[in-house]
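Here come two complexes built around chain A, the first alongside chain B, the second alongside chain C.
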Partner chain A sequence: MTSYCSFPFLFLFLPAVIVVYQLMPEKKRPYVLLAASYLFFWLISGTLLVFLLFTTVSIYSIGKRLDREGEKRDALLKTAPRDEKKAIRQLCQKKQRRWLALGIFLQLGILLTIKYSGFFVENMNQLLKWQQIEPLIKVPQFVMPIGISFYTLQAFSYLTDVYRGVTKAEPKLSRLALYMSFFPGLMEGPICRYRDMAEQLSAGGKITYHQLTYGVQRILYGMIKKVVIADRLNPLVQELFDSGTAYDGGLMFVALFAFTCQEYMEFSGTMDVVIGTAQIFGIKMQENFERPFFSRTISEFWRRWHITLGTWFKDYIFYPVSMAGPMKKLTKNTRKSLGSYYSPLLAGTVALFCVWSLNGLWHGAGWNYIGFGMFHFMLIVLGNFVEPPVAWAAEKIGLNRDSVPWRIFQMLRTAFLVGMGEVIFRASSLHQGVQMLKTMLTSFTLGSVKNGTLFTLGIDRHDFLITGVALFLVLAVSILQERGIKIRDYIAGRKTPVRWMIYYSAVLFVVVFGAYGNGYLPIDPIYAGF
Partner chain B sequence: MEELMDILQEFEPGVDFEHCTDLIDGKILNSLEILSLVAEIEDVFDITIPTVEIVPDNFNSAQAMWNMICRLQEEE
Partner chain C sequence: MTRKEICIRCTAFFTGLLLCLLAVSYIVAPKGNGEHSGFIYRDAKGIIAEKKNTVDVVFLGDSEVYSSISPMQMWEEQGFTSYDCSTGGQLLFDTLELLNTALENQHPKLVVLEVNAAFRQFSLGEIAYNKAGEYLAVFRYHDRWKWMKLSELFGPRDFNWTSEMKGFRLNLDTNAASHKNHMKASDKFKDMPQKNAWYMEAIKKKCEENQIQFMLLSTPSRQNWNMKKHNTIAAMAEEWGVPYIDLNLKEKELDVDWQTDTKDKGDHLNYFGAQKVTSYLGGYLKETYDLPDHRGDAEYDSWDKCLRKYHEQIDVLTAKLK
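What follows is the complex of A and B.
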């Protein structure tokens, strides 16, 4: 079982879980989901399950301690005189902070050791080599448990929310364990918050016809994105990125376009399968994508792409950094001289630097990921700083910034800039990514397209045609969604023959045009590796 | 409450702050505007807004902001 779109998951594991879940009494159903989630984890990562168990038990215990300190504080505050209340609050907060620090240290300690120690030691060795110092430190190698980057962020948010009083600590270990391991989101997210999931996960409601059909429809749509588009583009993407700058600038642009499409289709398609799977069990997971390529700015793009990661960084990194004492002072002191737009921008930029450094590193331990983060950081900061002069200039020349042509220009510009970041992200190194972009911008030619080389790089004209049709289908669906049309509700309202014709057509589309079998190599779930 | 409404109106003149209840969820205020708003509120009402208070529930409407301000004033 290598992905949510694989045959064993969709045709063996998931149906078996559905049947067992439905046969069980309501109270036992959450346990079925928990057992299925641990089985799912074990089938992929085997005994590394102990890491997930350790994380779950540790945040369960620390969460309870945080809650207990909060209850003690509230009891003391009830009877304390007014002038002592502040001191009581501060004392309790100090104790809670210690517990929170321990919890975060444990969770991040595991993640840093397993995921980043190799990268850190490699760079240390390089530094030592430059100083001509021997012997070098042995690079540690660890096998990563599946989804560690995702469930660690969930653990972090759970503890912080209990500390902040946003949520109560979970008294039942099994319920917290299910939140941490719920199998649809285990591999690639979405990164859920405990307060959104707790009740739903323990409801144990019966699977209804509506849940099943809507869930399966969503899975099917995800399969079109993943199997028909992302997997079909895989040979082309591999060839272009493996060869680096061996091809001309025109093909580097194709690499940019193909990988950007592939990544979006793979990740958002998998999210469709994940959210559809959860929907079958009556569980609503948060959406991770909101048609990001309709964004007019990079900031907007990141509010629509990998939404749960973006909101996680906003709540647990951006605000704590930008609201820290010195940053607040900076905002206040510069408010009169810089105005209400530019004064928070200084503290915001410092916070954004932290967010994007960590965002890059979260995606992987490599300089190309850090480069990817810094690329987006610079674009966002630049966009923020030039916004007032651009608005002023637009007004002066009478440009309507809400006109359709201008909006289309902004969308294409944003998509192109995002694509440039994706090249750095996908390249084997930061150097290769930069070289590919350089080739694209300095030696752009359509020669390889005109002489047919493009159709010899892993996928032929036939593949391009199928990919184009499927991309057009996704674009049409996205435009309708952007206009607020609920397509599944619309289809559900049609007469039975029409409805089933649409369903069968979608199934046949995946079966006939899916890129599987001999000659095709499905891509590994890109985000599962993070 | 009037003082708060003045701050908000100065901030985003076109928004109906009296009735709007999704200032954050509806993406009317972005994170940088929140930073500026927090600085202004802290100055005018002489309070400190800790990070834990920066949640959509406290900023989705003028009334929610006012409730937070009153609570923090009481706690100071």
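What follows is the complex of A and C.
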């Protein structure tokens, strides 16, 4: 089993889980999901399951400890005289903080060791080399358990929410274990919050006809995005990025467009499969995408792309940093000189820097990922700082910033900038990414398109045609969704023959035009690698 | 909606879907096995166009087979007929399918399984996907929409193409192997995945059911074979009571020169290596299994024609080398 769109998952694993789940009594159903989740993890990562088990048990124990400290504090506060209450609060908070720090240290410690130690050691060795000192430390290599970057963030949010009192610590280990391991979201998210998932996961409701059909529809739509578009573009993307700047600027632009499409279709398609799968079991997972390429600014783009990662960073990094004492002081001290717009922006910028450094690093241990994060940080900061003069200038020249042509211009500009970031993201190194962008901007030519080279780079004219048709289909669906039209409800309202014809057409579209089977290499999901 | 209604709806929906898939399968499935037919495993499955019951020996296995065993040379030297039902990176479920294909039209006296594929891993998903492709051609041939012509749908079916080299792939490239001894003595065993063992057994059973003699073979490969694998296969052969011949242990008798007889650093043999293996193996099979000599028999005229073409191709490639 390599992905949610793979044959074994969709035609063996998922149907088997559905049947067993439905046959079990309500109380046992959450256990079926838990067993299926661990089996899913084991089938991919084998014995590395111990990492997930350790994380689950540790946050369970620490969460309970945090709760107990809170209960102790409340009991003491009830009987304590007023002048001692503050000291009691402080003492309890100190203890809770220690437990929270231990929990975070354990979770991040594992993630840092497995995912980042190689990168840090490599860079340290490089530094030593520059000082002409023979590197002493061998670069460690670890096999990563599947989804570690995702479930670690879930563990972090659970502990922090318990500490903050946003949620109560879970008394049942099995419920917390299911939250941490729920198989649809295990590999690529969405990064869920405990308070949104706990009740749903333990409900054990029957699978209804509505859930099943809506879930399958969503899976099917995701398959079109992933198997027909993303996987078909893969050979072209691989060829262009493997060859780096060996091709002209026109093809570098194709690389930008193709990889941006591939990544969006791959990730959002997989999310459709994930959310559709959860929907079959009556579980509503948070959406991760909201048509990001309709965004007019980079900030808006990140509110619509990988939403759960964005909100995680907002809640657990951006707010704590921007609301920290020194930041408040900074805002206060600069308010007079910078005014009420730019003064809070300064603290926000510091917080944003932290967010984007971590966001880049979360995606992978490499300078290109850090470069990707910094690229978006700079674009967002620039957007924030130039907003007042741009608004002023637009007003002066009488530009309607809500007019359709201006909005389309903003969308295309945002998409292009995002694409530039994606080139850095996909490149084998930061240097290669920058070089590719340089080639694209300085030696742009349509020569390779005109002389047909484009159609010899892993995909031919037929592939381009079918990718174009599928992209047009996704665009049409996205425009309808953007206008608030609920397509699935619309289809559900049609008569059976019409409805079935639509479903059959969608299935056959995937089966016939999907990039799978003979002549295609299996493709690992991009985000599962993070 | 009652449970009964849901069941009826689901059954009707999936029946309709199956009919759609069958219809599309009919449309996309190749209507022949000619050059531009898109027929999968065309060389290996070319055996379907051989005259009924004219193939004496079927060789099964991965690329080691089509690189090392030349049926035309065996015909020329020994007079019995054989065919390489081999594909690159073959998985054992493919091997079983190829055996079934071969037995549709042939009743060979001997099936030889080259065992390099015996350790190649595959998943249940791959088995399921392969099975689906066997019954619904759309899963195998869905990509044919790219070059299909409407006329194909209504034209005659033509599965009369067979490989002139009988599955063998002629390659005169030379890329020397290292001097490493790949058959260092060892009493250890290489684990064979359960699924693989099951398919090995199924292939053997299929031969038994059809009263065909069965043997195991390892062709020389410095990169792919070692003593641990040999021990596992030797133990299996002993348990089954079938012959096993490992040509990696007979390098001296074969006189394989890893500097000149391999095309890719010891992974596969080239034509020069194949000549040696074919000569040795042909003699061994002829002697051990009492295989008939069809040379001069009018029924086998086509084999002589193929032999002439085989030599022509060798001459062309040899001239290019010079």
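The working rule: the second predicted complex is superposed on the first by the 528 of 530 C-alpha atoms of A that agree within 3 Å, B and C clash if a C-alpha of one lies under 4 Å from a C-alpha of the other, contacts with A are read in each partner's own complex, and residues count from 1 in each chain.
Quick note on the criterion: contacts are C-beta pairs under 8 Å (C-beta built on N, C-alpha and C of every residue); 3 or more make two chains touch, one makes a residue touch a chain.
Keep in mind it's a predicted model, so treat the numbers as computed, not measured.
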**Request:** Please work out whether A:95 is in contact with chain B alone, chain C alone, both, or neither, and reply first, second, both or neither.
**Result:** neither
**Partner, of chain C and chain B, that touches more residues belonging to chain A** = B
**Message:** A:462 in the overlay: touching chain B, chain C, both, or neither? Say first, second, both or neither.
**Reply:** second
**Asked** Between chain B (first) and chain C (second), which, if any, makes contact with A:64: first, second, both or neither?
**Response** neither
**Request:** For A:513, select first, second, both or neither according to whether it touches chain B, chain C, the two together, or no partner.
**Result:** second
**Request:** Answer with first, second, both or neither: which of chain B and chain C does A:314 touch in the superposed model?
**Result:** first
**Message:** Going by the contact rule set out at the top, does A:166 touch chain B (first), chain C (second), both, or neither?
**Reply:** first
**Message:** After the superposition on A, what does A:291 contact: first (chain B), second (chain C), both or neither?
**Reply:** neither
**Request:** Could you please specify the touching residues of chain B with respect to chain A in the complex?
**Result:** 11, 27, 30-36, 38-40, 42-43, 49-52, 54-55, 75-76
**Asked** Which residues of chain A touch chain B in their complex?
**Response** 85-86, 89, 163-166, 299, 303, 314-315, 318-320, 322-324, 328, 331-332, 335, 340-341, 343-345, 347-348, 384
**Complex contact set, residues of chain A against chain C** = 1, 6-9, 11-12, 209, 460, 462, 500, 503-504, 507-508, 511-514, 517-519
**Message:** Under the stated contact criterion, what part of chain C meets chain A in this complex?
**Reply:** 1, 6, 9, 13, 16-17, 20-21, 24, 28, 40, 123-125, 128-129, 132-133, 138-140, 142-143, 145-146
